[in-house]
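The block underneath contains the structure these notes are about, expressed in structure tokens.
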């Protein structure tokens, strides 16, 4: 039997914001797999994509847990018959607290790392074989692995030790992987999302400001899609993104 | 008489590589103005664009000379009846020498700054009113000012003092302008072009390597165009670009 | 009874190189506490310092384990009667592997973080009360907390994902703490050690090069001491250190 | 006649603040040459140093003018009989304006570059032969060339295009020179002075804040001196400096 060459896309950390927007965007081109801890985060989205003519499945996954991720990818392999992976987006992050370094627990400090860095590593290990397989098929668009960063990826503020250290670490992980797999045709990019994303959870933030004080989740998805379209002769490995009215 | 609201694009530093590719790309949407010192650098390109159904004019301009730039923009204003500017790309750089800091002249050291930084400042002053005017028209795509950087924008190597210091300076200029005019709707971006661009002058470089060891000029143009398409809620102010096989 | 105002210094991650040199240096001014997992790493050093007229004790501590660190600090408090802390140096790091991101285990990837970041956090929590107490005593030299970084703190290379991400994270942690406690008089600094340190383990590295191809551990200790001497009106929060012959 | 091996120190950009403090500090070890445009900036300082038992001469010099600098160094060579140079500190900067990029003149924009970058280049060319000569004498302390940077060396703010671009450029120049001459034993360092220096001109700034809201000029001088003391096996090429109460 000929190997399956129809690629899929996988989004880890699907919630009501960036992850969902990215999944919608990529679903126009690829079947998408939605990974999130809670099915509530992907069920209606999968339904929406499937109704719209795309194809989506959600798998409840704890991205910080290797066994959980392995189980999820076992399902993906079965469902999509060892499909190559055209795009993988890591959008997960742990809860973070805004607290003095003296007042937080080791667990609070480490939460960002366990989900946002160790999780990113586990996810990368899970998707890289499929991304490399896609690269070998000489695809129209290079397989792409994108990590979502934040202001804290490049700026460590007080009371943000856990979040900032995890985001700095994620950036280093992304760069290290980018350098390793680029020669094999896999495009790895890191996006510094520098501003408030306009999602249900932030609807009361910056309330007195016009819409362009926040970042549109759909706009991030467009930017990620454009990264995916870049040729072998033009990889952007890092972009920043901020709304027009952001002070920086 | 109603004001002219048909926007134009202006590219400074048009040669056989990035500048030409950018001009071609933007000419699909806007009349383009090509600025270069030597008419040989824009004549055939203008002809090519005009034949292809676009509209292009070239103006011989010394971008490092305020009077020359003012004269060029006087011509532009007449030719295009005070048109707003949708996009402006600064792609010029001075000659640079690879020499010990002890062996170069002050003129050699300063060449990069005069063209690549002072020139960028003069160009910015010339285009910003037109970019701001376009922003006020609530355009489909935000007016965009893009500066072309290099590896040396973020890495200062030995024997490269003049080039690196001018590229560091250009990056600072780009950021300062970006922060100033973003709230008015003008999107300013800086691109770190980290690798050899595949142009006639570099055809013998990396000869034994496959095509993806060099950056495609057309690919840079695509990336710039995508920056131009970004919404008010998603400005990338800095991107890097390198070919798949670049070591970094 | 009047509170104990005689300050101590604490070095975490004492081995035969930087940690030992730092301990020796600071022992000229303060009783020093040496923390290392294995007593072999501090026993002869403590003896050496005590014989030389200084005062040193070693405590076997797993810096990545909160309970172990708490037990160590309980001993310190008893031994030194709640002494304020004049200086604390974090010099620990986990083992790291040079491996493809696809070929290492989650444990290998995380080793750098558990010791070098979580450990740094636990250590910071343990020393900050003593450092703040010292600041309140209006000391001659501000209490100082120094973190030892590496090339990988600012550069993420391929095959180094675990190490680089932990060092990026440590840098962010250091900066976040620095910003939080500086207004209270605690000086936090991060040192980017960019080169091979001349220690027994590296004696065969760069063998054909002169001594100034490596960093002297004693020289690092001098640099740390000078950070400690800086006044409230002149905190260096980050320095880099490399040998004369380093390429960078 | 045996060559003169008694080294001197040279400070460019002597005013009532950092330059003067640095000159005083280095005058304890070396005869110092004070370069400033206006004799008013060095006359009383030279007198003070000479009275205190040191040796200082001032030379009126326009550091941005190659001929002026050459004339100054001709005087220095005669006065000090081709003395090697132990330390050279570049502390000059052009006037800067806080203005929209659209409202400043090319001259205003370029002022920072002409003095602060071109001047730094001219100064470097003038001192490097003497620094290299000193390195060959196997001195106790490596010859040191220090450049004074600012917050704007790493952060480009709006309305600060000229200043920031010149400071970014200076940083690149410093790094390029550092990499070139380090293997020959010359230690080049760049200091990011991130805060208000406490000098007569700033006496009304931050008036309601305690003294540690400003940087002490003497403290900067101490930091520069400590850079000078670093061994071949431990060069710091960049340090930052800020007062305890600085927000960053």
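In order of appearance the chains are A, B, C and D, and numbering begins at 1 in each one.
Here, a residue touches a chain if its C-beta (ideal position, glycine included) is under 8 Å from a C-beta of that chain, and two chains touch if they have at least 3 such contacts.
Chain labels with UniProt names: A, B, C, D = NAD(P)-binding protein.
Please read these numbers as outputs of a predicted model, since none were measured by experiment.
Student: Which chains does chain A (NAD(P)-binding protein) share as contact partners with chain C (NAD(P)-binding protein)?
Tutor: Both chain A (NAD(P)-binding protein) and chain C (NAD(P)-binding protein) are touched by no common chain, going by the contact rule given at the top.
Student: Compare the CA centroid of chain B (NAD(P)-binding protein) with every other chain's and tell me the farthest one.
Tutor: C
Student: Provide the C-alpha centroid distance between chain B (NAD(P)-binding protein) and chain D (NAD(P)-binding protein), rounded to the nearest whole angstrom.
Tutor: 34
Student: How many angstrom lie between the centres of chain B (NAD(P)-binding protein) and chain C (NAD(P)-binding protein), each centre taken as the mean Cα position?
Tutor: The mean C-alpha positions of chain B (NAD(P)-binding protein) and chain C (NAD(P)-binding protein) differ by 46 Å.
Student: Once you find the CA centre of chain A (NAD(P)-binding protein) and the CA centre of chain B (NAD(P)-binding protein), what distance in Å lies between them?
Tutor: Computed value for the inter-centroid distance: 31 Å.
Student: So which bits of chain C (NAD(P)-binding protein) are touching at least two other chains?
Tutor: Residues 179.
Student: Kindly provide every pair of chains that touch.
Tutor: Contact pairs between chains: A-B, A-C, B-D, C-D.
Student: For chain B (NAD(P)-binding protein), which residues count as touching chain A (NAD(P)-binding protein) in their complex?
Tutor: 142, 179, 182-183, 185, 187, 198, 211-212, 214-216, 219-220, 222-223, 226, 229-248
Student: Which part of chain A (NAD(P)-binding protein) faces chain C (NAD(P)-binding protein) closely enough to touch in the complex?
Tutor: 66, 100-102, 106, 109-110, 113, 117-118, 121-122, 124-125, 128-129, 152, 156-161, 164-177, 179-180
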